[in-house]
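First chain A sits with chain B, and in the next complex the same chain sits with chain C.
Moving on to the complex of A and B:
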């Protein structure tokens, strides 16, 4: 295989600019930033990091859809380009929120690691060869472990990071083991070669074990039950903006990564979930994960009194619906899944952004502490209103359209009398349950009067306000004109 | 200055914007609301003058700008703007008189708590009225027409805390709606026949020759041409809005509104909308004239209604004691003159009188407003008197208006415009009855105006309010002076010696002799005016009223006639006894039907529903709902139980991961075997 370096550089100029940006941020902080106040260091680091993300976004969009790169090790298709753009936007929003709210030490390190994580996500979005994919995944994961534990003043943060690391490390081990089994079975780490070899040799017990091992890692990445246990603790303990990144960009990149691996690579081993001719394959396992996530997420959320944990369970429930989208991608293509995951990411970043601003202002993490938010900060209450309703899937917000597209695709996939059809119905019914806990949040924020003694106005930093408004605006606009985002797939 | 037809919409848009500003201004923002209204009117006046310049450059052309409003299937509903001399003259008049009245209102409404609301409504009214003028579609006219009606309702009922004002507003709205029903029917019929409501549309409009030929050929039952039927239905709208017999009853009651409103709406502009509408659709009204074998021509009806109204209004005005009511009935009478002129074939004379009347009637109403403001809202002329010495400007300008209205020869505009109408009536081949009615009304007009001036301004004050009255501030007197100048000068542009207005209005040069055949009729009408003035002076000026309770000289001379006139010839009572009764009867019948027949059925159904509901509730409460509640509780319980399983212990989590892997792998393997 000859390596075409100009082509390679062209395709990965975005990632290069991210890495370069990371070095600049670190360099600035080591030289000039040393003598400045923490606020100035935060601002400078975030501005530099934002610039790197922005240039990566522009470069990535300019490169556009070019197809396989470097002999098929990377795939710059619509899904890849769209995911890259979305993770960069989400990381950018995270940075803006961080700039306004974080009280952490070591700003440059935080921004640099966010940039590294973004590089990992960006590579995950386009990686097609198992080894490269695994490296991208690990780059992203390791960065996220650090981000989760970044707040060294709070023991919860360290606890979250440790749990996340242990769980993530174990699932990475499973993934690597699964990959090596696949390599052993097919003699290749190239997706298309694997697909061809599997088609030739048929199913085997070893393949089943390999599949389940890969899916364990997938379950971890998507926070799908029963591999979700880390999520509530990490979402609760990590710094709010780290949690936002874990819940949004990481999830989107993981979904793209696995949908790329599962459908083209392991397409032979899908099995069938229609009732008449059921056959085991990864579809059946994903369906099980989806059902478990929908149930665990929605019912678990009912009992939560902490906003962050509630968002964690909501994330698990959404993972269930997203897995439906992964299954439906077989016929409908990745567009519904991508739209759902991207808009879910926006709403989640927004919701965690509100949490971050509130916590920076000393308003506690309990849902009850939101009482009277509409008076204390109409901006936060209004944005929260949009984010939560989008999470709940209320039209005309983007969350509704994403749900609609995914459920419609799932119903189309196997018809009504199939496991996916049932799961779609179950997801729709469980949306009603979900509405209960979402509205409980909004009721506190918009209806309940402020608690005595806690009725002062909450100041919203400019950068954070801008990020929240941007996310809310995007949710409304994409809900009304979903084609703005979906046109990249046509 | 020029203004193309495509930017004509700006004329109504400016006051509409001012109305919006006024509506959004809180009560305290007096100067903002009134300033916006007045600036908008100044702008509308400037644009109207520019439009007049454009229109006079092509007086015979109808400049239009049409656009599609919306499409249903293959049908497009189109609207448009129309610029011709009729539009332009009317727009200049409405915006000029309107502007003066707006300024006068600054002083008159100064103490009112709802000052901003007042200016909002005034601007809304002006916008709607200007919209009627610039519309090139009967539909657009109708929309603005109804907005005019709404604004008039809001303004008459402006002091809605007074029951009489609220009732008057309701009466005005409902009465004009009766006429509007006719207009709506005519409009729908026209749309049904022609498929468009545009007036002028490059040969396809309803007022253009091909359409008129089509409409005058069609006959309906009773030997009436289609154009006659549609024209008369449209005329119904004009009857309502212009206070013509038999729907004139709302106009006097509308005097419950603030006096500037009476001046603006019920004298100068809104009531003129009916006359304007007929002048606008005049080709349609004329379309049946060449037909000999029809039972009635549309314009004959118009002339008849106009003549009756002119005579009736003048007669009733003689018997009124409230200044504003005298003026109101005088308005009814003058509008009758205009309709008469339309009916006898001279729409140009009608519009000329409309323009001059707008000036002197606005002047008279504002003068009355000035008196009322000075005399602490005393409107009964028996309790006023002697104000001439105390309010010199008001008296002088009021006298100018009175002479213009009475038709005092040569110097005053009212004389020339009224002469035009009388000459047109004289030249009407069908009948001389309208001319006779008009001539009698001339005497009566001169008489009641003399009475009014003598009672209010001469003699001695007959109440505390009158004796303490003093002249108002310039913000109120300056508009009076300007209007008085207009009331004199405006006549000069339409004299037989120089018929500039007549020539430009129709786009055809009018020779002087066509509006003036000879001195005979003019001399007769001058004699009649002098007769009216003389009798009035003899009865009211010569022996002045001593106190408020002295009987009226006319009541002493002819008690029966005076009482009948004072009671407005009993129209209100007559309507109450006939239509009101009928309506009540219908209401009783409908109520009975509703209460016993339909009500019975509905209560039966309701009872059944209730029974079903009770049954259902029992089922629900004990069965479903109980089950649902229990299920919901259980769901929450599941959540709680689950969240207890989330222990937070890392090794537990990892164990779960491993167990889940084993279970899933076994499932897949066993599934493959099975």
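Moving on to the complex of A and C:
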């Protein structure tokens, strides 16, 4: 087999520009940046990194939807191109927030690793062959472990990195074992060949083992219960902007990766979750993960007093709804899932951005510390209002339309009296629970008076303000005109 | 095809459990009956290849070695990929050459980075 290099380069010019950008950022910091102040180094690194992300976005969109590349190892379909663009935008917002708020050492290394993670996400979005997909996943994961532990001055950060690394390494082992079993069963690492072989040979005990192994890794990546234990500690301990990337872009890329694997690749092993003719398959397992995540996330969040941990439990609850979208992708296609995950990512990056700005100003991580935010910084309070309401799913924000599309697709998937239908109803009822803990945050920020002695203005750095406004604007616009994002699927 | 194609796995598991347990039990019995413990000063000494031992084995050492191990990986991975490339060199298109040069460039930048950051200085 000879590789078609021009085709390869055309399809992956975006990733190439990310890697090139990484080299430029490091090179700049090693030569010119050595004599500059830390603030200037941060700004220069973030501007160079942002330029690399922007050029990758432009190049990736210009390549557009071209179908399979390199004999089907990569799939540049609407889902792939959309996910690529979304992860680059999310990584760009993360960099803008970092530029304004970071007080860490080693700016160039932080930006370079964000770019590497973005490369990993972007490859995960389009990879269709198991080995390439696994490598992309590992590139992204290894970068995120480093980012989680980047703040060397705080032991919590090291703890977060170690926990994330151990959980991640374990789940990667499960995934690789599942992949090797799939390879053993079908004799191929190509998704379409696997699908054909599975259709021919039907189900077997070994296939069930392989499916469970793959789904364990999936549950870890999506932070779904019962594989969610890392999420609260990592979201709490990691630097705020690293946590933003872990919560948003990583989740979106992981969901794209698995929905691509589960439906086209393992579509013959779905099983059936209808009551009359139940048969085992991955749908039943994903339904269990989804139900557990909805319950654990929503009820766990009620007890949290730390804003970051609350966001983590809300992430677990959202993972439950996203898994519902994964199941519904069988009939509705990936569009509702993609819309939900992308807008959820925007809202989470925004919420963690607010946390980052607050922490840079010395305002603590407890929800009680938000008291009087509307007077101390109207901009932060207003942006937090939009992000939290979008997470809660209040119209006309994008979070509402995402939830609506996923729940509608889930109800269509199996009808009202099916497991997916029940899960959709459960998710709708639990949204009421979610509203309580989301509004608790907003009440502190918008209604409670400032605590005595802590009522000074909070300065918002320019780049961070721009990123927050941009994320809030996108959430409003996509909520009113969801077709702007969904038209790539039609 | 037998009725239970995975039955041999249960057999493997039983053997895999029994094998180390039997060995441990035998060595424990041997220890109990033929080799009662008789500790002495020279028996408890640090092992030094026959030379008289100097000091404790619980010493502090610098963990900086991990940086050298990581930097060694640069060359290790490089040779791993360059060797098959060199073997097949004459039959490869220009694209492969460019790809390989980019790969080497990436690794070289890693080395340059460590060098300029002063990680090669032994402190």
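Keep this in mind: the second predicted complex is superposed on the first by the 488 of 490 C-alpha atoms of A that agree within 3 Å, B and C clash if a C-alpha of one lies under 4 Å from a C-alpha of the other, contacts with A are read in each partner's own complex, and residues count from 1 in each chain.
Rule of thumb we're sticking to: a contact is a pair of C-beta atoms (placed from the backbone, for glycine too) under 8 Å apart; a residue touches a chain by one contact, two chains touch by 3 or more.
Owing to the predicted nature of the structure, the values given are computational and were not obtained by experimental measurement.
Taken together in the superposed arrangement on chain A, chain B and chain C fit without clashing. Number of chain A residues touched is higher for B, counting chain B against chain C.
Shared-chain residue A:227: touches chain B; no touch with chain C. Applying the stated contact rule after C-alpha superposition, one finds that A:26 touches chain C and leaves chain B untouched.
In the superposition on chain A, A:302 makes contact with chain B only, while chain C stays out of contact range.
Applying the stated contact rule after C-alpha superposition, one finds that A:5 touches chain C and leaves chain B untouched. Within the superposed three-chain model, A:205 lies in touch with chain B and with chain C [touch as defined at top]. In the superposed pair of complexes, A:288 makes contact with chain B only, with no contact to chain C. The superposed arrangement places chain B and chain C with a least CA-CA distance of 13 Å. Comparing the two interfaces of chain A, the one with chain B and the one with chain C have residues 205 in common. If you check the complex, the residues on chain A that touch chain B are 162-163, 166-167, 170-171, 174, 203, 205, 208-209, 211-213, 215-216, 219-220, 226-227, 229-230, 232-233, 279-281, 284-285, 288, 296, 299-304, 433. The touching residues of chain A, counted against chain C in their complex, run 2-3, 5-6, 8-9, 19, 23, 26-27, 30, 34, 205-206. Residue ranges of chain C in contact with chain A, taken from their complex: 6, 93-96, 98-99, 105-106, 109, 112-113, 116-117. For chain B in complex with chain A, the residues that touch the partner chain are 635-636, 638-640, 642-643, 646, 648, 650, 652-654, 656-657, 660-661, 664-665, 667-669, 671-672.
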